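The following pair of complexes shares a single chain, subunit A, combined with subunit B in the former and subunit C in the latter.
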Partner chain A sequence: MRLRRTMLYLPGNNPNMLLRGHLFNPDGLVLDLEDAVAVREKDAARILIRDVLKRGEFGSCEVTVRINGLDTEYWRKDLEALVPLGRLDGVRAPKVDDAATVKQLDEALSEIESKAGLEVGRTKIFCLLETARGIFNTYDIATASPRVTAVIPGGEDLTADLRTNRSPEGTELEGIRRNVIVAARAAGVDALDTVFPRITDDEGLRKETSFIKQLGFDGKSVIHPNQIPIIHEVFTPTEKEIERAQKIIAAAKEAAERGLGAVQVDGRMVDAPVVKRALFTLTRAGLLEEGQDNA
Partner chain B sequence: MPKNILGREIPEFIEGYGKTLPFMGEHARKPEGNRAGPKLRSTFNDRTSKVVPDLKAAIAASGLKSGMTVSFHHHLRNGDFVVNAVIDACSEMGIRDLTLFPTALFGVHKKLIEHIKSGVIRRIMGSVNGPIGQMVSEGGMEVPVVLRSHGGRPRAVVSGDVRIDVAFVAAPTADAYGNLCGSQGKSACGSLGYAFTDAMFADCVVAVTDNLVPFPAAPVSMPQFHVDIVTVLDSIGDPAGIVSGTTRITRDPLRLLISKYASRLIEASPYFKEGISFQTGAGGISLAVTAFMKEAMKKREIRGSFGLGGITGYFVDLLKEGYVEKLMDVQSFDLEAVKSIAENPNHIEISADWYANPWNAGAVVNMLDVVILGATEMDRDFNVNVNTEADGALLHGIGGHQDTAAGAKLTIISQPLLRGRIPCVVDQVYSVTTPGEVVDALVTEYGVTINPRRKDLVDACQAAGNVPLVTMDELVARAHEMCGPTDPVETEDRIIGIIEWRDGTVIDVVKQLKKK
Partner chain C sequence: MKTAQAGTVESMDCLVTVSEAEPGTGIALTLAGSSVARFSRAMEKAVRATLGELKINDMTVLVQDNGALDIVLKARVEAAVSRLNGGEEA
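Let's turn to the complex of A and B:
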């Protein structure tokens, strides 16, 4: 399981940020070719991102690119220039409305991967759901290809499509967030929340992050590096949670060694889901190497 | 050509400067003889007011003549009206060939260029910034400028290397008998720290004020027995340029990241304990380091003994909240600091001599645990350049850089690895301001780079476990890779600037830029 508490957007036309974004230690990076880049700069940004990818220095971040929408003339060029380098972990597709869009993207990726001699299917898809249709079809989208690894409700575009706007309380997104979580879990993909636009409002960010964490989200998109430590802090388990998780893992290990089915910790039954959640807690606390919990 | 201990070529004699003493190491030069002193003068009860009608009358009364040395202090910073007004008046009075001896010059003083060109000013001993720096670098002055640190300057005065004929003191408040105060009046600037040595050692002291109060003024920061003449201007400065509003902590993520690493380094060091003293300045990174340190001090229940240097409102808050016991203030940066120095007895006004002079019985910098400083570039030997830019032009003064670096137990340079495409680490700095022997660490966004002679700090950081360490070689290699090679600066042979170490030896010289 890979942590995706924070995925930081980096403008595709800003070499300074593209080169140094990873220094802020987000869990993932989104090199942006879409909204951050004006139409006349699309080609230049694509070349820039290609060179940055070739350089390949991103710390331990998951590296993704937000490509241009499948309703534009750029998205295929974006993929053709960047995917063959073999450095991208995934692509973030904007305005995904239905399963057909995912399938179209999946086919294009397969073709490019295959031509480049890369393992077909290695490039994951992160779906941005920025329309009412997209939200309505979340489960179908999330299950349209095994490449889909996360769904992300949009912010501004989505609220516009809903004929409302973003409020500090986030009332307009509340039901949507709940729906996305259910669909994502049902489909077995991550649910990542939209960006928090007010970059100097640390308290507002903390509140919203606590809320979406409680709903079950795995993380948030990030538009400013200063937001990263705040989100990580919210997602980092408390010492009490860690202590309990460690107890559960130890008890489960002991039970397995002694051939027992279930054991009790602090008067509560410890079964498989509880162990899974405990492992997850330790991963979030940075106490477990990624992948270690697959055992 | 003879070389100093850092391998810099220093001619034995420099036209317009004289015989040189090459830099031989931090404490190598020992002072000899006695302190110099100003001319004796007497004042009796037949003279109870020192006020003269205007600046020209003050200049005339001071006995200032062509070829003399005039000194100024920079507490009015970019709001200062006094330097320009005095030199304008000198020009109108036909005085020429002056040596200007300011503690620092600012953008507002670019007007001096016309007086340099016309010969009113023949020589500058002090930092030359912005347009004046550019002009000097291109060979626009006949006599080389001499750059000294905030401690090196009073050393030069008290040792007699520099004799001040007339010191002009911008005084936000004065009485008719010459008691001066910086923390009151419409042009209040707080501490008058840099002016003290000048007032004590100049042959004549002229106070320029825009707030004349009845005798005796109170509080007094500079007493009447140093001051010969008082004159009044409508305004000595623009308050907006004298003090800034509330100093804010940077939100630039890169600078915050660097600040975080710097504060972790401090926390990991042996100096982070009860009674820690520090100087962090007013720069974006410095202030953020202070904020992170405050959090750490809170967490570990540590209280500091004193904060030093230029003081900001942020430091004043630390004093009020009990994170430091005292503030020692040579320059007050903002309104909060000005207010505090006027009201709080634990906020102490200190002179530049007291602050940083290596040739007295003990400067405050010697009591400093930690200092955070900036740089334009640093080299593999940890030598630091703060005076010249990548293009070889003189653009910044030394400030307290040398003094605090030499005095503090932990000297940290914090700087982004790149400014645009210009790297801050290089194989060899273009000019040396501060030698690597007094610099302990560099902090960039890539982590903390520790001077190998501080193995104890490397160990401390490794033990702390949260300080990313990067070697200087790795950092230089990374800078090379990201920026590619830079063209060397092309210069003439002529020396246009001399950088003195705080003891008066020459640590480096700066040459005239070749015309492009």
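Let's turn to the complex of A and C:
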């Protein structure tokens, strides 16, 4: 698995942010061609992002682009300019309402990848669910293409569509977040949370991040670099959790060697799901190579 | 005379203004901004290379720079030229 604790939005027409965003060490980047770019600047932003992608200096970040919505005239041009470079790990699609939208995007990507001589299917899809319909269809959306790697509930647009607004407690998003988690896990994709809009409210961010982590989310979209260390801290296991995970792995290994099915660690039975969770803890702590936990 | 612009004067960006020029007049380039004194040769090379790639021989170009790297300068020149040519809007 790839860590996606934080994915930082970078305004697509801002060279300063596009070139320096990775220096803040988020797990991923979202070069934004949609809401962060004025309509009359879409062309210039597309050229700028293309050239920044060509240069390709993004540290170890997963690199994605938020394209314009499939209900606009821009999204295909966005893909045609950027996908052939072979540098994008994925595209984040706004306002995905149903499986048909994903299929349309999947087909366009396949056509462009094939024409550019790239492996077909290499560009992943991150789906933003920004309407009640999108939330209602989460599982169908997440399973509409093998490219789908994450679903992300919206914040502002979604609450507007629900005829409410965002409150500091997040009451209006609570049920939605729970539903998205179940659908994402059932589909085998990541669940990434929406942005926390109050950029100076560190405590609020910490509280919301702890909550969504407990629900099972894999990470959060980020709009300000200062939010990154706080979210990483919440998602990073404590010393105690790491120690316990290491004990569990060691015990499981020993049990396997001795031909035993289950063993005990600190008075608790250790079976397959417990081992899986322990491996996950070590991955989040950065103590396992990505992919090693698939064993 | 048709004119078009791309970019901004924000930090690490530049504002490029391009105008049509009579055939045979060549590239007339003006560079302005705090880093021009040190980087004018590199900047001129970047602008000329981009115009060359776009097969443009005659054009008046003004660059107001605020610390743009080469790749940004090139992207802004390309966007300005595309707009001048009435290219695809957005």
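Going forward, the second predicted complex is superposed on the first by the 295 of 295 C-alpha atoms of A that agree within 3 Å, B and C clash if a C-alpha of one lies under 4 Å from a C-alpha of the other, contacts with A are read in each partner's own complex, and residues count from 1 in each chain.
Methods note: a residue touches a chain if its C-beta (ideal position, glycine included) is under 8 Å from a C-beta of that chain, and two chains touch if they have at least 3 such contacts.
Just so you know, these numbers come straight off a predicted model, no measurement behind them.
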| item | value |
| --- | --- |
| First, second, both or neither for A:Gly69, with subunit B first and subunit C second | neither |
| First, second, both or neither for A:Val52, with subunit B first and subunit C second | second |
| Dominant contact partner of subunit A by residue count, subunit C or subunit B | C |
| Which of subunit B and subunit C A:Gly216 touches, first, second, both or neither | neither |
| Which superposed partner A:Pro84 touches (first subunit B, second subunit C, both, neither) | neither |
| Partner chain in contact with A:Leu19 - subunit B first, subunit C second, else both or neither | both |
| First (subunit B), second (subunit C), both or neither touched by A:Asn226 | first |
| Touching partner for A:Arg40 - first (subunit B), second (subunit C), both, neither | second |
| Partner chain(s) touched by A:Gly204 [first = subunit B, second = subunit C, both, neither] | neither |
| Subunit B and subunit C footprints on subunit A, overlapping residues | 16, 19 |
| Residue numbers on subunit C that touch subunit A, as the complex places them | 6-8, 10-13, 68-69, 71-72, 74-76, 78-79, 82-83, 87-90 |
| Residues on subunit A engaged by subunit C in the complex (per definition of touch) | 13-16, 19, 39-44, 47-48, 50-52, 54-55, 73-74, 77 |
| Of all residues in subunit A, those that touch subunit B in their complex | 16, 19-20, 23-24, 200, 224-226 |
| Touching residues on subunit B, where the partner in the complex is subunit A | 251, 253-254, 256-257, 418, 445-446, 482 |
